[in-house]
Structures are given as structure tokens and as C-alpha cells.
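Both complexes below contain chain A, partnered by chain B and then by chain C.
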Partner chain A sequence: MKKSKLRNAEELFFRSIMILSSSVIGFALILILWSIVKRGFPALSWEMITQTPKGGFYFGKEGGIANAIVGSLYLASGATLLAMVIGIPVSLYMNVNLHKRQKLVNTIRFLLDVMWGIPSIVYGAFGFTIMIYFGMHSSLLAGILTVTLFIIPIMIRSIDEVLISVPKGLMEASYSLGSTQSETSYKVFLKQCISGVTTAVLLSFGRAIGDAASVLFTTGYTDHMPTSLMQPTATLPLAIFFQMSSPIAEVKERAYASALILTFIILLISIIARIISIRYQKHKIKI
Partner chain B sequence: MVVALVFSMTLPVMLAIGLYYKSSGLLMEQSLFNLIFSKDWRPLSGHFGLFPFIISSLWVTVLALIIAGPICLFSAIHLTQYAKSYVLKVMHPIIDILAGIPSVIFGVWGVVVIVPFVSQHIAPLFGKQTSGYTIMSGGIVLAVMIIPFILNILIEVFKSIPEELTEVTLSLGATRWMVVKHILMRKAFPGIVSAFGLGLSRAFGETIAVLMVVGNVTRIPHGALQPGYPLPALIANNYGEMLSIPMYDSALMLAAFVLLIIVIIFNFISRMVIHRMIKIM
Partner chain C sequence: MSGNSKIIIKDVNLHFGKQHVLKNVTANIPEKQITVILGPSGCGKTTLLKTMNRLTDLYPNVKIKGSIHIGDDDVLNTKKDITEIRRHMGLLSQRPYPLPMNIFNNVAYGLRISGRKSKKYLKPRVQHYLQMANLWEEVKDRLTDPASSLSIGQQQRLCLARGLSVDPDIILADEPTSALDPLSSEVIENKFIELKSQYTIVMVTHSLQQARRIADYVIFMYLGEIVEQGPAEEFFNNPKQELTKKYIKGLFN
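Now for the complex of A and B:
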């Protein structure tokens, strides 16, 4: 009798610790979002979003961070597009052409997972060495290439996770109708998974736009709107980082506002991805 | 397709070769052992000891894991063994969003919330005074950053354990916690360790968020309430001046190379264990 009481007490004790742990995680997210909104919202203005930095911007005078917002969007879109060009064929190849060689595919997955873990600063340093090697200056193009390398493993693995779920019967049906491997890949597999692939692409876009360490070396920073691939370009995470390290209060306020803008973009992407993955299930052939 | 596949597979090799090539200039003058274990960091006179930075990195990372580890473990057990399905439905987006927040945002949050908290509440607890820009702040911010990452892997690991196993034990009259303690933990042990290993390597490479809160003082830290200067922060902070001092770029690229090798080794071992577990069971 006593023993069972002890057991129940132990059960109750650990159960409360578990619930506490889960709540801590939820609480942490709310705390982060709340503190960003609380600090950022009062400093946010229309000027912030629509103007480039004017003279004396870094002493708290007028101007905005439109250049960084546009720069980040260019950078992330370019990198996502390039990563798609490489990522979609690779993941299709792994799931369709290499379908019979699971051991090889699993090894590739394993290597990609290891690559996913390489920190972005290492990619940044690598991009920098390549840049120096070819005698390039920091530019939007160098940034795009570096970020592309950084998100390739993320994109391949996320698309791959979606493609795994395609029933194998579909492949056999497609072959039996006389289609080639690439027809099966692009017309059956890709179409079947289009919502999942879109979600994966959007997630990679979110990674690309939020990362600061890889663009620190390669993209540089300017106060102008980006107009060419060969120019240095401002990016949103770096704008936040630089403004945050300023001792002037007005500039710091702007850093909070910029952080709010970046958070908003990230949340928007994640919500769109969620809606797409719920809504666009209709192309799917159900077996 | 094949070209794209081969290209993406050779990526880590390219990274390693590129960084090694750049750091070889310094490696020819001084031995690797010397560079890693020397405490002497004076770039102007050509002394590039990476030891203080490596130790700082270890402090921050281990502290982050000590904070995040138990929370993730308990939460993962809660979500896979106890929680009703609606709890999972709420927690999934929370984990996803937390994982998607850029590191610079964590940095801002750290400066605004954690740094004052450490200087006003945690440091007085130990009878010390600091500005709050310490290893401790870096550890806390990092912990929150790696929580979603570790949690996701732990959930996968626990899900891979067959349900029959737990059901049989339950039917013998064991409480839920006894099942967790005697069956689940034992079965999942390698998976748990490697999930922590992956979290560790993720934390090791984190740059901007840590850089913003950790203080960046070149000295070997002797406690969590002192400022530190982790390896990634060193690389990120000095890129501006690295071309003006001889061998400085070589030293920073060597730092990146060391970072890459450490992270790959950690990742390799942990992923190996996890891949085996999830496949076999």
C-alpha cells in the first residue's frame, strides 16, 4: 500500500515537471514575441519602411531601412531560386531514379543532415575566401551564392521528407503507362507534392532572409537601394545588428523597430506556408 | 540531376579545402597544436592563440545544453507519452515558429530581456556584480535557440520506440513514469545522447545572437558570470580589419576551419546513431 502511494507521488511529481517544461517553451516564445513587439511597435513608423537612410541617420536623424528590407528580399529570393534549381532535381533524383538503391539514398540523407549542421558563419568565411580568390568585392551576388550554399542542404532534405511520403504504387502506375523516369519525377511526383514542396521552399526562404552570419562577410553594407548584382547590399539582420550596437538611444529604438519588421516577415512566411500545406491538397491523388 | 547531386555532395569537402587553403599560410609558420592551445592572442605581433576562444565556446555551449537538455527531455516525454492530441496541435506550431526565428532576433531579445535579468537578478544571487554581458546570458539565449531543435529530434526518437513495449509494461501494473524510467529512457538512451550532441554542435556554431550578449573580452573565463569570447563571435567581429594585419585573415579562417571540423565530427557521430535508431526500430 505504501509503495503504491510512493509511486503515485513520483508519477505526480514528474508529471508536473513535464508540464512545466512544455509550458516554459511556450512561455519563451510568447516572451520573445511580446518583448519585440513592445519595444519595436512605438519606434515603428511609415518612414522606417519607405525611406533609405539620410545623412545623420546613424545619429538618430531621419531616414529608414527600406534599403535593407529590399536588399534582404532580393538576397533571399535570389538564393532561394538558385537553391531550388539545384534542390528540386536532387531530391527527385534521390526518390525516383535511385529508388532501388535505398542504402545509397540513406547515405546521401545522412550526409545532408551533417551538412545542415554546419554553422552559417563557416559558409560565410568560405564565401569570403572564394570571393578573395576571384578578386571580387563584397556584393549582392557573392551574398546570394553564399546563402545558396547554406540553404541547399535544408531545401533538399525538406523536399525529400515530403517526397518520401509518395506511395510507391504511383511510381509503378506511371511506369506502366510508359512514362520515363523524368516524366514520373516532374509530372507525377512533383505535382503530387506541390504543396509540400512549396512549404519547404518557403521555409528555406525564411532561413535565407533571417541569417546574418553568412552575409556579414560577403554582402557588405550600404545606405543605397540595391541596383546591381555587383554592388554591396544592406540586409535586414545586419541592419538590426549594426543599429543595436550603437550607443545612441534613437538608433537603438530603430533596431527594435527593424527587429519587429523582420519578425513580422518571418511570421508571415510561416503562416503562408501553413495555409498552403493545409489548402492545396487537392492535386493529390489519393490511394 | 546527377551533376546537381554530386555538386551538393561535395559541398563540405569544398568548404574544408577552401578554408584549409586559406589558413595554410599561418599553419606553415606555427604548428596547429601551438595555435590551438596557446593563450596568447595579439594579432599585431603575430600571436594567434585560439585557446581562450575555444574555452569560451565550450562554456557557453555546455551551459546552454545544461539549461535546454532537461527541459527538452521532459517536454518530449510529455508530448509523446502523456499529452492529449490537442496539446500536440498547439505545441507543433510553437516549436516550428521558435525554430524559424532568426538568430539576430534572439540577440535583440537577449539584450533587451536576458542581459538586464542576469545583471539584476542572477548575479546578485551569487553576490557578484556584472553588466549582464556574460557567458550566462549567452548560455540562456542559446538554450532557447536550441530547444526547438533538440525537442524535434527527441520527439522523433521517442516515436521510433514501439508502442507495444510500453503497453505491455503498463498492463503489468506499472505507472506511466515507471514505464518512462525503466523502458523508454533505456531504449532511447543513445538517441537522447545524440540529440544532445546535435544540440551542442548547433550551439557551438551560433554566431550573431551569442555575439550580441556575451561580452566579447579576450580572456579565459573562470565562471559563468564573466564575459567570454566564443569562436564564431571572434570570426564575425574581426572581418573588417582582417585584411589590414598580416596573417590575420589566415588565423580567422583557421578558426572557421576548426569550427567546421568540430561541428562535423559531432554531427557525424550523433547523426549516425540517430539514423540507425530510427531506421532499425
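Now for the complex of A and C:
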């Protein structure tokens, strides 16, 4: 009797902790979104998303941040695409071809985790050193390469975590039909994990589009629309940063509007990824 | 007992790290009959089955010695492409693992990877193999549904159809009915009896009753060794080893 009372108290205690922490997270999220919307929405205008900064933009006059929006999309898409091209084969190779060499794979995982943990400013500095070595200027291309480097560990490890959960029986089934390792990888493993892979890609895209430090030196900033890979390019995080550090109130408000746009882009990408992953989820073999 | 040996296993020793799993296993598996590998859990029967199509390659720290001849080729020491060899052996596992795609594509998969991709070629064949596995009537209107939407018994028959589609001459089955309900199990068992005129079937089971029902040839294993083997009738009615007698009487754990 006494024991059951204690167990009930324990249950109540841990449940309260869980509810409390969940509410804190939910509350923080709502607060962030609300503060962005509250301050950003009034400053948001059609002009803001369709025009490049004009003469007096940084004094609160006409113009918008279309260049940064387009620049960020170019940058994040380019980097995500490159990281996919590298990340998907690597993670499949780790889980299918190196299946028997768990020690090696675990070492690779450890190294990738270390790379994941390196702050993006370090990637930025690294990219910058390389650029100087090759005599390159800050440009969209340099930014894409740096951000690719920075999201590759994120991409590989998130896909890897999904691939680990593929049951061994599925692998055996595939081989017993006479599949090669690459057929097993791309026709079975990838299909089984397509929703997880989509999530991984989205996660990487979110990191790519939201990061300011890695693009600070490498991509530079400009008030023009990006037209060439070799030109400096504006990005949203830096647009927010520059506007936020302005002493002029109107410009500051626009920083919030820019943040709202960035948040909206990420939300949109999330929804698209969700839809894609649900559509392909149906073929997943459940265990 | 008539017929030739399809698979000739000779002095196979297998180690998982330090663990000696198969000890001097020697057996002849007769062609176009059902051979049942019988024994209590953990005696190495599944491992023996997986050595035959070299799925043991997927496990770390495995060392195999000996030879397994299928036709003229020694599977364990072959110079041929292992994927080619596996194509001659269909596999049914303990629980069905359909591929993550729709029903049609599950059966078409094996044909596609061997280079036959045209829809015109595939359609009648998919139907043929689904019929062979007794599944066609149940799925003919929903071929584009995910394979995972089938019941587990249907999934196992889908796996059978898929295995047959690559035109193997051997079917390896690793306790194929252990996850199924009695009715679905019976369907699979009856199917095996039907199929044995065309295929050499090797089935692992721990169920004595099942072995009695369908075996033509029995290999009885205990702790990694073959205790006794022989034609089913002889094996069940006139066992030679003490251990076998005890097992058949159900005096085993």
C-alpha cells in the first residue's frame, strides 16, 4: 500500500517535469514567433520582398530585400544540393557497403559528430583562408562551398541515423534476390528511408539558409540581385544583422520583417518536405 | 530415396568470432525434394541455411571453411559473382520482408535488376508468380498498393512470389511460418509440397510436427553438429541415434 503511494508520487513527479519542460519549449517557440510577427508584420510590405535596396534604404527609405531573399535561396539550394550529392552516397556507403566494418563506421560517425559540433564561424574562417589561397573574392560560389562543407556532417549523420534503423532482414531479402550493393542501397534502403532522408535534407536546408557566420566572409554582401556565381551575394541572415545593427528605428523594424520572411521560407520548406515524406512513407516496411 | 544431390555440403566449419557455430557439417541435399533442417533453437540451423547463399557474408567476424557444391560450383570458394549465385536461390525469412514498394514492383524487382524492364514483359510474369504463390486472386485489384498494406500471411506469400520470380532452382526457407497464423502456415506448407516437383526446397524449422508433415529428407542438428540425417520416413520411424530418439519423443527441452 505504502509502496504504491510512493510509485504514484513518483509518476506524478516525472509527469509534471515532462509537462513543464514541454510547455517551456512550446512557450518559447510561441514567444519567438509572436515577437517576430508583432514587430515584423507592420514593417512588411510588397516592396520589401520585390525590390532591391534603393539609395535611402538604410535610412528607412524605399527599397526592399529581394536581393537577400533570392541570394539566400540560391545559396541554400546550391549548398543543400551539393551536400545531398555527397551526403546520400556517403551515408548509404557507410550502412550498406561498410556494413561489416562497424569499427570503421563508428569512427567515421564520431568524426562527423565532431564536425557537426564545430561552430559555423570556423567554417567561415576556413572558407575564407581557402579563398585567399586561391585569390578568390567573396562570392556566391565561395559561400555555397563553405555552407556545403558546414552542412555535410549534418546531412550525413541525420540520414545515417535513419539508415541504421533499416532491419537486417530487408538487407538479406534484397541480397537474396541477387541485388548488388548499389541496388540494395538505392532501390531498397533509400526507398525505405525516403521520409527520413527528406527530413535530413530539410534540416540541412534550414541550417544553410539560417546561418550568418559562415557566409559573413565568404559570400559578402551587396545591394544588387545575384547574377553570377562569382559575384558577392546578399543573404537574409546578414540582411537581418545589418538592419538590426542600425540605429534607425524603421530599419530595425525591417530587420524583424526580414526575420519573418526567413521564418516563412523555412516553414514553407518544412511543409513541402512533410508532404513529400508522407507521400513516400506509405511504402515503408514497418517492423 | 531417389534422385541426385542438389547441394553437397562438405566439412563446413563456421566461426562467429570465437564461437564455433557449425562443426564439421557434411550433408547431401536431394534435388526436387523438401529437406528439413530440424533442431532446437541456437543449434546453427539458420546459419547453415545462410551459408548456402552466402548471406553469412553480411556478418562481421565470420570464418568459414569447407565447401558447398551446387552444381559444379563451390559456393564458398567460387570465383563467380555472388549476386549471380544468390539469384538461383529464393529466400523466405522468419518474418516476411517485402521491399518498400508496391505489390507489383515487389515481384517485378528481381526481373528488373536482371535487366528485363519492359512493362509488357513484366505484367504477365508478375501475374504468373503471384498465382504460383496463391496470392493473385487477393491482390489483382490492388497491385499498386504498398506491400506493407498486406497482412503478414499475404506478405510471406508475396515474398515467395518475389523469390520465385528470379527463376531459382532452390528455395531456402528459414522458419517461414513462425510468424504466421495456422491458416497462413498451412497455405505455405501446401505450396511447398506443390512446388517440390520443380524446386529443391530447404527449410529450417524447430517444429517437429511441421517436419513430419512435409519433410522428404531430414537433417537433425544439435549444438552445431549434424546428429543424424536421412529420408524422412526412416528418420522418424527408425532413428539411429539416442539423441534423435529423445528429440522425436519430445523429451528435449
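As a working rule, the second predicted complex is superposed on the first by the 253 of 287 C-alpha atoms of A that agree within 3 Å, B and C clash if a C-alpha of one lies under 4 Å from a C-alpha of the other, contacts with A are read in each partner's own complex, and residues count from 1 in each chain.
Here is the rule we go by: a residue touches a chain if its C-beta (ideal position, glycine included) is under 8 Å from a C-beta of that chain, and two chains touch if they have at least 3 such contacts.
Quantities reported herein were computed from a predicted structural model and do not represent experimental measurements.
Participant: Kindly classify A:90 by the partners it touches after superposition: chain B alone (first), chain C alone (second), both, or neither?
Facilitator: first
Participant: In the superposed arrangement, does A:187 touch chain B (first), chain C (second), both or neither?
Facilitator: In the superposition, A:187 touches chain C alone.
Participant: Go through the superposed model and pick first if A:173 touches only chain B, second if only chain C, both, or neither.
Facilitator: second
Participant: Quick one: classify A:24 as touching chain B (first), chain C (second), both or neither.
Facilitator: It touches chain B, and chain C stays clear.
Participant: Between chain B (first) and chain C (second), which, if any, makes contact with A:247: first, second, both or neither?
Facilitator: neither
Participant: Name the contact category of A:212: first (chain B only), second (chain C only), both, or neither.
Facilitator: first
Participant: Is A:135 contacted by the first partner chain B, the second partner chain C, both or neither?
Facilitator: Neither chain B nor chain C is touched by A:135.
Participant: Considering only touches as defined above, state whether A:8 meets chain B (first), chain C (second), both or neither.
Facilitator: first
Participant: List the residues of chain A that touch chain B in one complex and chain C in the other.
Facilitator: Touching chain B in the first complex and chain C in the second, no residue of chain A appears in both lists.
Participant: Chain C touches which residues of chain A in the complex?
Facilitator: 99-102, 167-180, 183, 187-188, 191-192, 282-286
Participant: Over in the complex, which chain B residues touch chain A? Could you list them?
Facilitator: Residues of chain B touching chain A: 1-2, 4-5, 7-9, 11-12, 14-15, 18-19, 21-22, 70-75, 77-79, 82-83, 87, 90-91, 93-98, 100-109, 111-113, 144, 147-148, 151, 175-178, 180, 198, 201-202, 204-208, 212, 232, 235-236, 239, 249, 252-253, 256, 259-260, 263-264, 266-268, 271-272, 275, 279.
Participant: What residues of chain A sit close enough to touch chain B in their complex?
Facilitator: 7-8, 10-11, 14-15, 17-22, 24-26, 28-29, 31-32, 35-36, 39, 85-87, 89-90, 92-94, 97, 106, 108-115, 117-126, 128-130, 132, 149, 152-153, 156, 203, 206-207, 209-213, 216-217, 237, 240-241, 244-245, 255-256, 259, 262-263, 266-267, 269-270, 274
Participant: What residues on chain C touch chain A, complex-wise?
Facilitator: Its residues touching chain A are 50, 53, 55, 57-60, 83-84, 86-87, 89-91, 93-95, 97-102, 109-110, 113-114, 146-149, 159, 162-163, 166, 172.
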